[in-house]
Amino acid sequence: HVAGRVVASGPRRAGVLSTVLACLEPLGATVLECDQRCIDDGSETDALRVEFSGEPSDAWWDRLGDRFADLAGARGITWRIVPATDVKRMAVMVSREGHVLQDLLWRCDSGDVPAKVSMVISNHADLAGMVRPSGIPYHHIPVTADRKRYAEDRQLELLYGAVDFIVLARYMQVLTPKFLEYFPEKIINIHHGLLPAFPGANPYKAAAARGVKLIGATAHYVTEELDAGPIIEQGVCRVSHRHEPGELRRLGRYVERDVLGRAVSWHSEDRVLVTGNHTTVFAD
Amino acid sequence: HVAGRVVASGPRRAGVLSTVLACLEPLGATVLECDQRCIDDGSETDALRVEFSGEPSDAWWDRLGDRFADLAGARGITWRIVPATDVKRMAVMVSREGHVLQDLLWRCDSGDVPAKVSMVISNHADLAGMVRPSGIPYHHIPVTADRKRYAEDRQLELLYGAVDFIVLARYMQVLTPKFLEYFPEKIINIHHGLLPAFPGANPYKAAAARGVKLIGATAHYVTEELDAGPIIEQGVCRVSHRHEPGELRRLGRYVERDVLGRAVSWHSEDRVLVTGNHTTVFAD
Amino acid sequence: HVAGRVVASGPRRAGVLSTVLACLEPLGATVLECDQRCIDDGSETDALRVEFSGEPSDAWWDRLGDRFADLAGARGITWRIVPATDVKRMAVMVSREGHVLQDLLWRCDSGDVPAKVSMVISNHADLAGMVRPSGIPYHHIPVTADRKRYAEDRQLELLYGAVDFIVLARYMQVLTPKFLEYFPEKIINIHHGLLPAFPGANPYKAAAARGVKLIGATAHYVTEELDAGPIIEQGVCRVSHRHEPGELRRLGRYVERDVLGRAVSWHSEDRVLVTGNHTTVFAD
Amino acid sequence: HVAGRVVASGPRRAGVLSTVLACLEPLGATVLECDQRCIDDGSETDALRVEFSGEPSDAWWDRLGDRFADLAGARGITWRIVPATDVKRMAVMVSREGHVLQDLLWRCDSGDVPAKVSMVISNHADLAGMVRPSGIPYHHIPVTADRKRYAEDRQLELLYGAVDFIVLARYMQVLTPKFLEYFPEKIINIHHGLLPAFPGANPYKAAAARGVKLIGATAHYVTEELDAGPIIEQGVCRVSHRHEPGELRRLGRYVERDVLGRAVSWHSEDRVLVTGNHTTVFAD
């Protein structure tokens, strides 16, 4: 009975909630869930996410879009309307470690993440066998220092227009700013450290060296600055003095897959709104 | 800038959210936060909590009350309006263990729980010293089998009209149905077991006997059936084979105080809505 | 450099730790890790688990076995010696839900659980495809009310002598006492409720009906009384009023797989000692 | 029945466990608990903690000390013997925030932390009232930029020889290297950030600016480098985009007190062993 959802934000004086209701109600849409918050960054901005019932016809969606353009647009409100039948298309980029990929495949297949894995791209051939039974295309595009640009061009050919967002599921290459421009706020990375601690390579080694008692993982949108983009979700796991880096890597895999799984679910359900370098998560 | 909050619920077809906005907006109130959910019990009921800005005058609040009576009342919606300046008055009832009482006193004193402890009532004198520095009245009313009725009458004399809700902070007496009638959905108990497991007396002993790996605590509204009222919050703590009942009691105290602290905060901020034997918590 | 491990228990006056050292040291074995605890059940019993280095020859293991028989046996101590090269053989029994099976296959395949899945037995054909790529045999043995005995006979033919322990990974049939006799303290079940709460069928439905704020899962050894055997591990997940039973089932899968994964790891590494209806877990 | 405990560490080839048993057993001491681990820093060092029964006479303790000096000393083993009747004397240093102090006082008073608060030292007078009912001396020693050295001299006069360890319970002054030399591995600080993230002042402000989804606290031994000493314990708390720094401060207090409480318990029970910049925690 959920027909769709709206995510909107705008200045408080614009009346974001009233405007959204003024768009929905004359068309017979009923609000089933509504979560409205102020974003505490001093800018008096309100953000909301609404799930609504409605009519399933194309004409109806057109009229809804028109109303938003008229009313919300005029008041400086930003909005996104998503029919519940829309299923986002996801590309997963991986290197050699398969635990996160396997979990994502399962979460999508079991219906827990309402998105579709359209392709897997890897700079290695190792994980082709894991993907094969699903029938999802696996593109092996080697990345070497002197052919990085060529590799990214090939990746973009496959990705652009074909997927709605990209998940870096332990993909060990840094993407260029040019690549990122094609997918703003559409690339989710899982970092195996509790950012801002331990950015960059080898976070488990650094964590063992510092003697921390908790390790963690961070899912974030990728921006130009390495491991510094808006954080979507984080999780932790207790460790002890006995765990050397190899052990931390082993234990950390369970946190990585859970944190990324939640982040991808929330992105797929339009529960994440980015403002500046922060995210508002309209949690389940 | 938060002037007050509304908690409301009603049948979906009544348009709970629209109605609440229709009450607030003509009076110049702006919705700062809004959390609306459907209650999944098959009854098509919507529940919401709104924080709004507004005018501080008594006349304004009167007009707001009138609008709700007119609009919401007519549509079968139940509502509660609470000015942000209202601070609920709490009575704490205790027996001999003081850890939860002390934590509640501190939470209220530090402003974390927006409520005021108006009195402490105990069937023992033990904890009078803990309360004395705060200046809060401590009423020692012994409860014996043959004088239980008399004791409850004395308690009611002190409580009725003088407090808005009651917290049983490890109060080891069972209240009679007659007492409960005076405070429906207004008495919060902390049970030192993870209900529905281990109701009644000695939950830690029962937990040790069963060999569980997690112990917990449950904050719930008190109803006639022992430890069976609507659950507000629960929490857990890991334990092991080495922990005999005395150890569980020691470890459990930290869970008890945290779980009850959150429940009392939420109740004080009108974040808990009871429907049937369930609670909807509009979490912070 | 770990050659093997010993798990031993016995009366305090027997000197369990001294005896184990007296067996190991004359043979040149060095204790690398030692965890000794008293079991607090009033019986003055000590339990310990030791990892040691040593020689890899068969003759050496024979001599070690002889020493334990002589020294520990004479003092009323119970012991188990396991060379580090031993990898336990596991059978997984499933019905239709595959999330726990898939996770177990991955944990064993990735080396995280030091055990080998020797076969999968199911009363349905549904999950054959999930197992096929691994090359592990999948035995489909339908179980109907009138052929339950026949089915168990077939299962026992496959299992007895061929596997070291059995994991019920959401296997929805109750095993008969006769079947259990063949595998005492060797059958691990994952129950999707926080035992002793919600035993039996449909724990998520019962949890939703009671309005709990935490759901959980319990891994335990199977005994004759349903869901009442020694608990190995438990875990929880926060839920809210919005989660009807279907949602709880979806969320609970992540707890189920994690709790069972840890329990199977610990069993495989001889970290679990059963005394009466309790387990001592020598945690990692 | 626990007479005392030994914490010892030394090179593997020295046989730490055997040596400790060789000291205890001829004197009739029985090992009640034993936890031995290798410290994974490449140095082949073993560490252990033992709880034992024994005789309560002074002569017995002398003989035990002599045996350790003879046997363990000769083999390059470091050890510490602590009779169970020893209760460590603690000084608490605070500034203006009292939540951690209050919790420590309660934990000691209720017997949960087996240590005695001997004095409270503060650079402010604010918390004197909180300490007064307990009868514990409260020393107000103002610290100003030009009198820091004088203040530390006064503090040392009170502390040196009078307490066994010091807890900085949100003490907002940096101690000088000279001060630290008097209490090596004896000063525990609670930092309100998840180190190594957010060291220094204002961790909650930094956490809000980065948009993290988890905040935390870290208990560590104080060394010359600010917030870089050996970590004893860490804990976390979920937060969201709605929590500005003031909210994080409020929420973080519960994590701070719990993390520090556990760290102080473990230190008091000789469960923490420092090697280099790491701690081995022989957890309860």
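We call the chains A, B, C and D, going by the order they appear; numbering starts again at 1 in every chain.
Quick note on the criterion: a residue touches a chain if its C-beta (ideal position, glycine included) is under 8 Å from a C-beta of that chain, and two chains touch if they have at least 3 such contacts.
Not measured: the values here are computed from a predicted model.
Asker: Determine which of the two chain pairs, B-C or C-D, is joined by the larger number of C-beta pairs in contact.
Answerer: Result of the comparison of B-C and C-D: B-C.
Asker: Could you tell me which chain lies farthest from chain B when each chain's centre is the average position of its Cα atoms?
Answerer: C
Asker: In whole angstrom, what separates the CA-based centres of chain C and chain D?
Answerer: 37
Asker: Cα centroid separation between chain B and chain C, in whole Å?
Answerer: 41
Asker: Of all the residues in chain A, which ones touch at least 2 other chains?
Answerer: Only 37-38 qualify.
Asker: Which of line, ring, star, complete and other names the graph you get from chains that touch?
Answerer: Here the contact pattern is complete, since every chain touches every other one.
Asker: Considering the complex alone, what residue numbers of chain D touch chain C?
Answerer: Contact set of chain D toward chain C: 12, 15, 17-18, 21, 25, 30-38, 46, 48.
Asker: Could you please specify the touching residues of chain C with respect to chain B in the complex?
Answerer: So the residues of chain C touching chain B come out as 37-40, 194-198, 210-214, 216, 230-236, 240-244, 277-281, 283.
Asker: Residue numbers of chain D touching chain B in their complex, please.
Answerer: It is residues 99, 102, 106, 110, 112, 129, 133, 242, 250, 253-254, 258, 261 of chain D that touch chain B.
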